[in-house]
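We call the chains A, B, C and D, going by the order they appear; numbering starts again at 1 in every chain.
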Amino acid sequence: MKPYKRTVQYYETDMMGITHHANYIHWMEEARVDFMEQMGFPYSRMEAEGVVSPVVELSCKYKKPCTFGDEITIGVSVESFSGAKMTICYDMQNKNGQEVCFARSEHTFLTRNGRIARIKRDMPEFCRAIERSMSNDFGAQTERDE
Amino acid sequence: MKPYKRTVQYYETDMMGITHHANYIHWMEEARVDFMEQMGFPYSRMEAEGVVSPVVELSCKYKKPCTFGDEITIGVSVESFSGAKMTICYDMQNKNGQEVCFARSEHTFLTRNGRIARIKRDMPEFCRAIERSMSNDFGAQTERDE
Amino acid sequence: MKPYKRTVQYYETDMMGITHHANYIHWMEEARVDFMEQMGFPYSRMEAEGVVSPVVELSCKYKKPCTFGDEITIGVSVESFSGAKMTICYDMQNKNGQEVCFARSEHTFLTRNGRIARIKRDMPEFCRAIERSMSNDFGAQTERDE
Amino acid sequence: MKPYKRTVQYYETDMMGITHHANYIHWMEEARVDFMEQMGFPYSRMEAEGVVSPVVELSCKYKKPCTFGDEITIGVSVESFSGAKMTICYDMQNKNGQEVCFARSEHTFLTRNGRIARIKRDMPEFCRAIERSMSNDFGAQTERDE
């Protein structure tokens, strides 16, 4: 998997002169959507097939500020996946390879009417794609291990 | 009608040290929603009855910057309403009565499936509320006339 | 301390029909700023005296979705404060008293040039205000204990 | 000049199921920053040399909704430039070449302390780059003329 690249926008800065911390949550989503596309099962397909995957928990550790014009590289990896829950990690680095933020999001899978979706039964192709990404997400993994 | 009051948030500032210009679009929406609530026909009721009212045009003139902690007073008034289109004006002032921004938004009315809604026929109560606000929106009007 | 009240805006919803999860980070900031104002030491005063207080870590547990028009009540309390770090908790409830989100943010204190601020020495009034809030933040506390 | 490409993000949609209208203001800024980079005088250089260029007026005509996953192509062109003011146009199209939004922003040039910057005297290289873009911005121009 190729990491997701994102340049910090002017409107994402605040009067402290740095990226406002809320924007990293947007980047996580962008990187996650890109990751699902790369793994061959875009998020839009999941919703088209009647399943939504809301965030039920998230955390961010802000390590180093970044600001307008900085290019951030976001390595995404699936930390765990049970069919009922999925935990995704995001390793954000600046151009010098310094860690800017480390984040995690946890997701469930629901049907349109709010019931728990039976993903293992109803979306086997998605499950296989996730599991494949977990066994060899070299890109994200090696960057984090360094 | 009472004008809408809004305190500028830290996350709405940018590295120039002032409110980023995109946020005023959010304030317009907040003030418009508040206005519809005051006039007795909340926007949520419109959607509950199957009509959405998308913005088809907008403009802003930024007169004076504002920043974190400033209290902005937004006078809202309906400039025109034809049943097919509605134009709303927003007069934003700071605590010293200085004009911060003057903005305008134009709206249509659509059914859920994207057809033009026949608002005069199907939503007479909304039309009456709008027309009433146009004949005596003293609050917003007098502030702008000063 | 009075809890902070916030009505969900239309622009804060997403195509899932609920509040997008990134917006809760904004609400945390709004509630924190309101809390500091209530405790008698506004955040703007901190910055005016040369200290910024960036978020270094945050976490959210999303318990129940909310959407456009919902009124959210946010109880704020200081969980810990050492002079070098401060942890704040946010308990967000809907009108029925159901927990919508529980969140936490951790802050450091820096001088304008990025050095660690010596808050206990240089901002004793702030420290006293925080400690006072910790000993009797009845409002937020009792709500969470229920 | 190459037009700017932007994929609509999930967090940019609202409960109407389409891109919320405020986000187009962000895209205008992204496209403008990209345009200045392409013309050889990045906006960051302008600020580094002590000049800021706030938006003093903007307008958007929303022609056709777009939503999550849509790729939007934004042609940017300088409509007028006097040294004191600059007007920029944005022509946003979807993948089928349909116009999604047409927008315009007007900018002034200020020094850090809020005075009008004498751009023709102090930033001749920027002025030349702008004028060059106006004489042959084939990319954006031809797209709009079609």
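In this section, contacts are C-beta pairs under 8 Å (C-beta built on N, C-alpha and C of every residue); 3 or more make two chains touch, one makes a residue touch a chain.
Predicted model only: the values in this text are computed from it and were never measured.
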A student comparing B-D to A-D should find more C-beta pairs in contact for B-D
Greatest Cα-centroid separation from chain D: which chain?
C
Taking each chain's centre as the mean of its CA atoms, chain A sits from chain D at a distance in Å of 29
Rounded to the nearest Å, the gap separating the Cα centres of chain A and chain B is 36
Any idea how many Å lie between the Cα centroids of chain B and chain D?
25
Mind pulling the residue numbers of chain B that touch at least two other chains?
10-11, 18, 22, 26, 29, 68
Note which residues of chain A are touching chain B in the complex, please.
10-11, 13-15, 17-18, 20, 22, 67-68
In their shared complex, at which residues does chain A touch chain D?
9-11, 26, 29-30, 33, 42-44, 68-69
Considering the complex alone, what residue numbers of chain A touch chain C?
16, 18, 21-22, 25-26, 29, 52, 54-62, 65
